[in-house]
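Okay, so subunit A shows up in both of these, paired with subunit B first and subunit C after.
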Partner chain A sequence: MPETVTDQAVLAELDRILAEVIGDDLLLDGPLTMTTSFDADLQLESIEFVALAEKLLETYGQQVDFVAWMAGMELDQIIALTVGDVVSFVVGSLAHA
Partner chain B sequence: MPEVSANGLRFNTQVIRHGDGASDGGAPAAPRPPVVMLHGLVIDNLSSWYYTLAHPLGLVADVHLYDLRGHGRSEMPATGYTVAENVDDLVALLDHWGITEPVHLFGNSFGGVVALALAHRHPERVASLFLIEAHFAVEGWGEHMAGSLALAAFGLDEDAVQDWLAENADRKLSRVARRSERFLTETSLIDDLQAEQPIEWLAEIACPTFAMYGSESDILDRARELETKVPGCELEIVPGSSHSLLTEESNLVRERALAWIERVASPGSSGPPTVGP
Partner chain C sequence: MARFLFVVPPFTGHINPTVAVAAELAQRGHDVAWTGLPGTVEPLLPAGSTFLPATSDDVAAYVAEASERPQDLRGAAAFKFLQEEVLLPLAGAMVDGVDAAVDTYGADVLVVDQQALGGAVVARRRSMPWATSATTSAELVDPLAALPLVAAAMHEARVALQVAHGIRAEVAAAGDLRLSPHLVLAYTSDLLTGPLPDVPQARFVGPSTLGRPEHDDFPWDDLDPDPDRPKVLVSLGTLNAEAGERFWSVAADACLGARWQAVFVAPTDLVPDPPENVIARTRVPQLALLQRMDAVVSHGGHNTVCETLAAGLPLVLAPIRDDQPVVADQVVRAGAGVRVKFARVKPESLSAAIDQALTDGSLRTAAERVRSSFAAAGGAPAAATHLEALARPHPAR
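Take a look at the complex of A and B:
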């Protein structure tokens, strides 16, 4: 994985994965942004978030320590996650990889 | 990969273990205890573990999650929802994962029953039980499960379902409600559960067992039954909590779970631990 992975690249990857996980039922007016929340905006079921994370790890899993990241969060924090939180985590992990 | 064929069905699974990523610096990983987590009924799925205990435990153990048959993203067959058939699924998945050593089982509500039943049927495959609001059949179960009480029996009474739905926005509501309705009306789930016989073998459970219940739980009688009958069972009643203990008190349950796995999975540990949480 090149070290120059950008916010935009990870955002685009998330966009692609969301379409794959949710398909036509995706609930979003306008483009996916860093402030889009998985719960309030996308109304992702928790089991769908799990599937999304799994697919994200298929792309970046060797470079990011997702387990430790999730382990450090409480239930409320996970539910409140935004697209930007996930993008920043991935990009930050790759920058230090 | 998350999708697994076992016991003739397709299961949605997750294995969470630290060190799959870049953080461990390439050092050989020490052997970690195998853990399997079993969720509750109908509106529950592996995500309740994924959001609470799976990752913290995944730092010290190899954590295996799956959606029970009919739940989450697993296949929903028309029949086969007895505890015994759920145990068959669990055995098939243990074999699939190559888990031959005794496993540490975590069970929430109905998942606790499946965990207990595996520990009874295959004691050699279970190292310990961590039970949250385990909900098993007792005397009078059949009548209690009859008709509209079927859902109440699992904490899914009308109020609880309405509360839950109220907290969830439209899209999720419609999808989960549709799926739950199909589960309840088009499969043998209710009939199978209603036919369950009271468990009479709790005294035969031989592994270390820890049970947590909420003080306001509608099934607190199960807590006393476990404490009385399962040899060495440790019981903690959490003040003010309900049957939804796992999500209501996820931090407390997480602390207890980490302490538990450290005690029962540490080298040289054997028999029921004697130190309190």
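Take a look at the complex of A and C:
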């Protein structure tokens, strides 16, 4: 794990993690960006959210508690969730660690 | 003898399971009737059935339109739409009509589908005995456990619905319209759902649709008589066939040149040029066909899944939305199926999944285990026995 974590570094890491979680079946026109949405663009399924949470934990450690973060969301927040939101969450979690 | 009134939503998969249960009750000398949206229920009932409309035709038209609109919605957005634009308005719209139907019919017991919550409002308001008819098991396993704020918002919406119809707030908050405290009929087995410690009133009766009559215009002669050539049924159910434009194209490619023969239950315009080993039909006699199949590709609709497992067949699951991911998970956990991604699966991975379903003996063994659990659950007669117990005079319902 790098000493200081930038948005771009987390985005790159998320790109790798999502490729693992989703596998060969990723259907996305163009690269993963901060505005890519999980619901509409990636159509991430609930079991893939679970896998994403596990990979984030493996990559960044206990302080990145994705499950607890999602547990604090309302339905509209989940629908609107973007890659940028997750990047900010990871960066923020590591900054407070 | 008692009078049972089934309160159903305008969805085939939720009405079909009640038919055999009602027939069993009638055979035992009870009276049975249905209430729901006019035009959506009667065609699915046996001739001579009693139906009491719960709403005007306008509501049926609204729900039909709302059910059409979100074809491309999936995930959380589809969940929001189903709850806020379909199920809650439907529940509110049905309350007065169900209440009137209870009086007109003289119902003793309501049997309320989990997607016809207006019936639960009426039963709770009148303090009458009622059973939940859980025609899918997804609402029994707490799928929102990881999202407590979403679960709480849904609960509050159901409380508000009750309060709007005259139930005191503290009474409303203490109950759950989705789960009768008296009896929850689950048309599955706990081998498939896993244990349900939070729903002790659940009774697992297994599928009740296995004896339903089917319209049979299937070209049976087109099925390869060679028993060594595997046969695969591919179905997205009654509601989702149109949503599958991409999926059907992938499925056709996955079957191209394959050693198996496939039957697609699909709109024929979505399979314009089927490979020679694919029979595409808009409707099939599913129960009869399952007897000739070796595996099934399904969206994870509860009835198709349970009918497939009742035939002892393994599944490839491509859940689209709503309860389907939950049902698909249950099958995978039971060891009776493999999962692919509906929106993103490619022909090679779908073909590989079908091949696994046909060759992996452990999937078949697990499917046969579920079949045995269904057979032991008792089906419609068991459901009728539980409902009869509910109809007996009982203090302080």
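Just so it is clear, the second predicted complex is superposed on the first by the 89 of 97 C-alpha atoms of A that agree within 3 Å, B and C clash if a C-alpha of one lies under 4 Å from a C-alpha of the other, contacts with A are read in each partner's own complex, and residues count from 1 in each chain.
The criterion applied here is as follows: contacts are C-beta pairs under 8 Å (C-beta built on N, C-alpha and C of every residue); 3 or more make two chains touch, one makes a residue touch a chain.
No experiment lies behind these values; they were computed from the predicted model shown.
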item: Fit or clash between subunit C and subunit B when superposed on subunit A; value: clash
item: Touched partner set for A:Ile78, first subunit B, second subunit C, both or neither; value: both
item: Contacts of A:Gln43 with subunit B and subunit C, given as first, second, both or neither; value: both
item: Which superposed partner A:Val67 touches (first subunit B, second subunit C, both, neither); value: both
item: Contacts of A:Ser93 with subunit B and subunit C, given as first, second, both or neither; value: first
item: Subunit B versus subunit C as contact partner of A:Ala51, first or second or both or neither; value: first
item: Clash-bearing segment of subunit C, relative to subunit B, as chosen among 135-143, 225-233, 261-269 or 351-359; value: 135-143
item: Shared contact residues on subunit A - subunit B and subunit C; value: 25, 27, 40, 43-47, 67, 70-71, 74-75, 78-79
item: Sites on subunit A touched by subunit B in the complex; value: 25, 27, 40, 43-47, 49-51, 54, 61-68, 70-71, 74-75, 78-79, 93, 97
item: Subunit C partner contacts - residues on subunit A that touch it in the complex; value: 22, 24-27, 38-40, 43-47, 67, 70-76, 78-79
item: Contact set on subunit C toward subunit A in their complex; value: 74-77, 79-80, 143, 146-150, 153, 319, 325, 329, 339, 341, 343-346, 349
item: Complex interface listing, subunit B residues touching subunit A; value: 2, 12, 14, 16-18, 20-23, 45-48, 50-52, 54-56, 58-59, 67, 72-73, 169-172, 175-176, 247, 250-251
